[in-house]
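Alright, structures below, take your time with them.
First chain A sits with chain B, and in the next complex the same chain sits with chain C.
The block that comes next holds the complex of A and B.
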């Protein structure tokens, strides 16, 4: 009896430790609270009792730096969500795991599921033909505009940037008064140049292989000229060069701007204060005349990247596939940022929540990634300064001079 | 009306007060505005439709009590340790002449001169090597170490102003070193000790770079970190909530500072002139 009791005690003592040892822990850093699945991995834990997901929120503005610092001392999480533009730096520093073979296996194992995924899900996480993560959500910038004001001025939706600029002039002259301005956009001081690069790409702007934008091209000079015109002809608020994202969004929603380049998640708020389809409408940012073939819809995303030191890549892949499961990512898509899955974006629930999406749907599926760069932060600083100079009133330099000056600075980064 | 010459001095003071107070008033006022009112043009200092929604959002938000606890615990603990250590360090510098004492006194001020950002990487590696990243000890020690130099400098100046004869008399009566500090120096230096306590508390309460770099979990976050988290370029920034959070973050330390303001001023001045 004593022996039996002893055996029982030993088993009781060792069993929990053995079970705990069998369980893999996968740590995830989300870039925003809103990206965390609505069920907080409850279903995942039920389906995968051998894997425990621990997660926290590290703001996207900090996550790549925090990750690399923690990676250097071996305490980084298995999965980190980052701004896609930092991919190159993280790969070159050897902090990310090449998961190409796992993605290829997934495509082979479940081709139907894989066909549901937009290319951007992996384009944004690919560096030198190898895949390092999955871009579950992305948010390209489109264009919101005041349909009623355009109608009042007898204008149609502009089809090119040239038409849009003409529309701005007519609106400013004939319809807008006081503090109302034709165009609203953020300044450069507060944010990376996402909005500027979206416009640049729609104008046909190209990048070098290093990810450096070619701003002394026709598209770049056109972009600078566009900003100079907005500022110098009084088509945007005189303080717009100092605006943060909230200011220009507030300008449109506060009925003080006719056009604003924005992403889908912000349109969800816009329709709460302005009546969609009667007061305002959305469109894809137009091409530049003569550069229609070079037009692209930009994509900015927040991909989940895999730590090069992760001990159990299979478990990590299960977590990533869970995050990308249509039933899971739909909750994030409906409440926050669009998902790169056709079945989610073309679902009745999504159309109901975002009635303007059918207009954007085709372009959303064709997103092209904003290229990564090894010195992404410096690239952003130079581009922001260029935009600031372009908005000087009165203009101090010609667009060509500005383009030449900043192309030189950008090229020096390569 | 002819403005007296002495009244002219008031002009820059008034400008300075308005410069300081106005943003604070604007922040408090805007925390009671609706989201739409924040962006209304022209703006108004008085909320057109005041509401307390932002405060309700903040007070009921997940983790708010954790951030309050962390800020309070870290500020009190690190301030207490920093002041205690500084008293002994300052007493040594004030009362004992030893080899290289002046050089040591200057050395102790060096951490004060070095930008905090440049300390982050070495500190991070140090805490990582002992497995204390994302822990209270890492933050408490880091906060304490950065508070000690200023405290020591202020207290040393003050201690030097306490007549040594008092301690001599106590020594003759048989007082030990500890008793002289405990019953003579500390009671006579209360204004200076309050000063350094308030300064340490304020610094720890507002500290941001260390908590940003040395922590990675929500359970360790403080109020300034969470305030940083509220900024969001990817969504609609709820400015009334950000400002309500700011008001609730600065209110305790502001109240504390107002209560002890006179003593803080006198403590700093005494330390400087004695």
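The block that comes next holds the complex of A and C.
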């Protein structure tokens, strides 16, 4: 009896440790609380009792730096969510795992599932032809506009940037009064130039292989000229160059702006304060006249990247595939950011939550990534300064002069 | 003889006890001293050490480069601009901050009814986070919906682009910073005033001294060390100020309000040029040390 009791005690003591040893832990850093699946991995744990997912929220603004710092001392998570633009820096520092073979195996193993995924899911995580993560959610910038104000001025939805600028002039002169302005956009200092680069890409702007935008091109000079015109012809708030994102969103939702370039998640809030399809409408940012072939819908995303030191890549892949499962990512898509899966984006639930999406659907499927750059924040800093100079009133330089000056600074980063 | 020896032993014991008693305060402050040295000085020294290496996350290695980072940064146009903006910001904040904190301290010193409540209220701005302060000032000075501009419009005046024009934006960050740092400086000065002997004022009044004479000939000379400490606080809090400026203007418009602390953050945590960020940190540290020594000498007690 004593022996039996002893054996029981030893088993009772060792069993939890043995079970724990058999269980793999995968740690995930989400960039925002809203990206965490609605079930908080409950289903995953039920389906994969040998894998335990532990997660935390590290803001996207800090996650890449924190991750690289933790990686240097061997305590980084297995998966980190980042702004896609930091990919190059993280690869060069040797902090990310090349998961190309796992993605190829996935494509081979389940071609039907794989076909449901938009290209941007892997385009954004590819650096020098190797894949380092999965971009489950991304948010291209489209354009919201006041349908009722355009109708009042007898205007149709503009088809090119030239038409949009003309519409702004007519609205400003004939419809808008007081603090109402034709165009709203964020200024430079507070944010990365996502909005500017979205417009640049729709105008046909191109990038060097290093990720440096070619601003001394026709598209770049057109962009600078566009900003100069908005500021110098009084088509935007005189203080717009100092605005943060909240200011320009507030201007549109507060009925003080006719056009605003924004992403789908913000349209969700817009429809709560303005009546969709009656007062406001959405459109894809238009091309520049004569540059229709170069038009591209930009994409900015928050991909999940895999740690180069991860001990169990198979377990990590299971977690990533779970996050990308249509039944899981749909909750994030409905409540927050769109998912890069056709079955989710074309579902009745999504159409109901975002009634404007059918207009954007085709463009959403064709997103092109805003390229990564080894010095992405310095690139952003130079572009923001360029935009600030372009919005000076009265204009101090010609668009060509501004483009030449800032192209030089951008090229110096390479 | 034996009695003498016993006495000597007792005397030795007493001396040892006295010596031990003298060391007790040092033992008591040792944990906090270790904490300060371990946490604060370690990071400061490590930061200074970093400034001699090239630590740039866009580059693979971290070689020792000596003073190269300093030479490169000190001639950088953006650093010089940032340094100049910092000097304007600190001078404005210290000047305005000192006048206000002295006035508030003197007012609070004179207040007798609900004195405790008023002193508590005076601390409120210091208890509000820097980010909240910044957002509040952003709302106050916004061109379209800001309270200040609404007031100007009510008076029939033109709106001012407080956040969109370089000099006005500098004024706004000085005001926000002053609002944030003045309460602590007020407390320091108030502490100095409360330590003064009230009999001094009575004697001065009997002798026929005016209120201004009392202020300039009695109060100010007697609280000089406190004025020095208050100036040190106002200066170093302004040189280090970051959490109000970033959400308020983010260094804009353009780079008009990009003070050194903000530039340091940009270099270190945005551009990932940690060593260049460390150089700016070292320079801010030196500026703080130099100004502190200056204030301590100028405001040395003469009493």
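We take it that the second predicted complex is superposed on the first by the 414 of 414 C-alpha atoms of A that agree within 3 Å, B and C clash if a C-alpha of one lies under 4 Å from a C-alpha of the other, contacts with A are read in each partner's own complex, and residues count from 1 in each chain.
We adopt the following convention: a residue touches a chain if its C-beta (ideal position, glycine included) is under 8 Å from a C-beta of that chain, and two chains touch if they have at least 3 such contacts.
This is a predicted model, so every value here is computed, not measured.
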Three-chain arrangement built on chain A, chain B and chain C clash or fit: clash
First, second, both or neither for A:179, with chain B first and chain C second: both
Touched partner set for A:213, first chain B, second chain C, both or neither: neither
Which of chain B and chain C A:377 touches, first, second, both or neither: second
Touching partner for A:93 - first (chain B), second (chain C), both, neither: second
Chain B versus chain C as contact partner of A:338, first or second or both or neither: neither
First, second, both or neither for A:256, with chain B first and chain C second: both
First, second, both or neither for A:244, with chain B first and chain C second: both
Touched partner set for A:266, first chain B, second chain C, both or neither: first
Partner chain in contact with A:193 - chain B first, chain C second, else both or neither: neither
Identified clashing stretch of chain C versus chain B [185-193, 203-211, 239-247 or 257-265]: 185-193
Common interface positions of chain A, toward chain B and toward chain C: 62, 179, 190, 244, 247, 250-251, 256
Complex interface listing, chain A residues touching chain C: 62, 65, 68, 89, 92-94, 179, 187-190, 237-242, 244, 247, 250-251, 256, 374-375, 377-378, 381, 385, 388-389
List of chain B residues in touch with chain A within their complex: 36, 38-41, 121, 124-125, 128-129, 133, 212-213, 216-218, 228-229, 232-237, 239
Parts of chain A lying in touch with chain B, wherever the complex brings them together: 29, 32, 34, 56-60, 62, 66, 69-70, 72-75, 77, 139, 179, 190-191, 244-247, 249-251, 253-254, 256, 265-266, 269, 273, 336-337
In the complex, chain C residues that touch chain A: 57-60, 138, 142-145, 161, 163-164, 169, 249-255, 266, 269-272
